[in-house]
């Protein structure tokens, strides 16, 4: 599978759902999508395009926003595709992708404890890194604390 | 009733504390719980209060074994952010350091794996030969670990042209060593029986758990950042990706040993191709924006993501170490194996070995440990012995 | 007077301890050399021992205190008496008071039992487990030792006197040179290895193995006693083999004394080499090995011995 | 007309220590005003010497003259040794402005949407910062530094004065 | 100088305790017992149980999650003993100063006797430290 067909595949499949397609350079591609679209896009990426999940990075953003960036790559291709999902801090909730990709389980737990984002339908939503008696509502990587 | 075997969090040979809970029924492992966080130092947060230069030093201290792969990913990340291309000589030097580290790390693994199988002598021997690499690193970078060589846009120290013959010589010394260890693993029927077919991770699971590095390559997945997303001097040198199909512990071991040859050859090629020239661009600033950096650590792909606001401190720094995904995959690999093998399987992904060194069986009812780490170690070593017996008698 | 010297200096307390410390050093030195290391200085075991004597003793909360104290003392006493008996048998083979094989075998068992006891009462789950394994192991290796010694007894005309065994060998040559004796010796070496907790249960110096062993909760002087017991047994069990299979040490001339010590050295080296070149055995495997293979060979050796081979 | 930030550098000169707080989002220790003052000083009061001692003395080549003649400090290279401020014969580089952590100011744009004044305005002890609609006026020594910043300072460049 | 101390200085058994380190210090400690450096020459050896230890080597920057465990281990070490903090982390958090997971230093929790700075200290450095330690104990 080459990058061109991946690109056309994605664009055909989710033409109007992709809010922004940004190529930082030929190897680093950022895609902005709606939170509701995450599940179908990830399913498509993982099952149809056979991408490999790398990790998700959450970023606390100004203006009451929180971002989760899901990074994917493809076997034998240099491209890293990053799906960006923006959440409002008033409703920090997103569908878990761990049911689709097992490898996402830990990072979602980690994001949950460090940023306070809730992952719906996560198979095992408990603390990963912090002690179990870590105060509720204290999210160390958030900037408002 | 299933018994719980906690692994951790302290043991003499261990490095950092982590905690596994093996649920066992009889001899079979039925479930694995992993508890992390004893080592959680909040590096991602700390990175936000360090300047770009300091971030390189900080990520170097994520882990001492991979102490150059994190900086490698970090500078890849910064160079991606600032669209910087470091000078050629710097790229060669970087590749050399990375490969030296791979040799040292793989030898370290071989030694500790030997220890785990009951061959303490192997441990001592491989660490003895590891000193060759440490010497080279000390001469080139000034330190045996934590080399502080990399910076965005170049390297901090040049490699002395006069040292090259000596480094070449050291690399020549490495080859018979690798032959020795390869021969030991290949020809030893006990090891075959002990390692083959144990702890298999299928290619499908490898993708599912997003494993990387030798753990993935041993399952037949041909991924290697050095080839897929070339960085440093890797596009200019010739090397192969070592792939084994079975996904068992034997494949993982062979994968690592074969990579030693590749690393030695890459270093030699780099030393030959290197020309005198500038080693640093002395960059001025990093623009606002995002950057992604990847590097192939001895244990697999290291991934860094950063967000810059244009100041000299990152606004967000995300690190994904290879063990992060590899350790989780144990959840799959150990199921259905015996306790004696479990320790070995956990160790096979090279999760900074230590993680596997802390086992105690806990009786679920009164939560008292009844089987210690040493016993598991013994179980593991005993199995080798049994096999030896079966094969030789 | 002679008796006091006998008991306290030679071949009793002091001599035994010195020999034990020496063997402990040889063990560590050879191990180090095999691993490309320099190894500890000659007096290292002595320093270790003295240091432990000066340390605080911690009694684990769950331990049965008096048994916790008694076990190491019992172990050490057992080992000392064992060693004393053996040396006396070699020194004065004609003295009928020196005891017989059955006594010696029982004496050799005392330290193992004490180890077990210490492990069981210290309350630490690790040591309890270690102890329970040692019990199992004891069943296995004791059987083999008894069978091997049976061969000796049969060969030397049914006598269980230590002196008689030596006499026989001095007249007809060492037991080990006969086919049945050889088999018995090999079995005995393996069993000895197990008894010394060297191959299957290395509770010795190796740092990783101590955790989970019977000694895990011991500290200070009590640990020192246990260590010393271990060293004494390591030095002296080979003497039992020399005595039973190789004609013992003859104290008639310097040459024969040296030759005797040479025999002892051979066994020490065999012991250390086995220890260094082999991985460890799992408990049930060891048991199976001892009961099935060891048992068969033992029976075979006994039959051969009865047939006069 | 859009609202901009306005800094009276002349007032700042009398100030013993800066108490202006900054609500910049990404770094808790960020001090946007310092950064703005640094840029303003370099733009307006620096004499832009031909053989600039500050550039000469900088051990890490962190100072560089831009095409428009204005000196700029590159944030990755600078190690905050303060040599430049001692070398400057006119005292225009204030040591307290040359910090190791280079701060940013985003003029609190996105967050406040031009409705309220940024926190630095309220926290400045001498009232040197304000937020509103200002006009460039060379007569009154008000200069534009960037789209969102106007500064009042006596510029040496002002030919009339010399 | 008592015989006790004399013997102690010639036979130091160490137990190695990582409290959230980066592994480097720990690897270098292990390096000290491998062929190149071979600390067994001085009677120093790693032991597996804190009950047997004379010296506790503490590395790492003491994450909050580790504190109870570290205390539990310390209580098992019989007196007389020495606590040696190895590496900059164990001294002063080093690079990790200010992290939200580590608020206290090693010497807030354990009575540290010796500090070996370095990140990581080289094996030579650790051996030098041990030599100094022995010299001091003998006084």
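Chains: A, B, C, D and E, in written order; residue numbering restarts at 1 for each.
We adopt the following convention: contacts are C-beta pairs under 8 Å (C-beta built on N, C-alpha and C of every residue); 3 or more make two chains touch, one makes a residue touch a chain.
Quick caveat, the model's predicted, so the values are computed rather than measured.
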Please identify the chain with the largest separation between its CA centroid and the CA centroid of subunit B. D
Quick one: point me to the chain whose Cα centre is farthest from that of subunit E. D
Ranking chain pairs by contacts, what comes out on top? B-E
Going by C-alpha centres, which chain is most central here? B
So, what's the distance in Å between the C-alpha centres of subunit E and subunit B? 25
Roughly how many whole angstrom separate the Cα centroids of subunit D and subunit E? 50
So how far apart, in whole Å, are subunit B and subunit C when each is placed at the average of its C-alpha atoms? 43
What parts of subunit A, by residue number, touch at least two of the other chains? 130-131, 140
When you check subunit E against every other chain, which residues touch at least two of them? 34-35, 46-48, 65, 100-101
Which subunit B residues touch at least two other chains? 11-13, 37, 40, 42, 45, 49, 124-125, 128, 316, 374
Can you list the residues on subunit B that touch subunit E in the complex? 9-17, 37-43, 45-46, 49, 57-58, 61-65, 67, 108, 123-125, 127-128, 131, 134, 143-146, 352, 354, 374
If you look only at subunit C, which of its residues touch subunit B in the complex? 34-37, 125-126, 128-130, 200-201, 206-213, 216, 276-283, 285-286, 289, 293
Hey, which residues of subunit B end up touching subunit D in the complex? 48-49, 51-53, 152, 282-286, 309-313, 315-316
Residues of subunit C that touch subunit E when the two form their complex: 28, 32, 35-41, 43-44, 47-48, 50-51, 53-58, 205, 207-212, 215-220, 223
Quick check on the complex: what are the subunit B residues that touch subunit C? 11-13, 115, 117-121, 124-125, 128, 340, 357, 360, 368-375, 377-379, 381-386, 388-389, 393
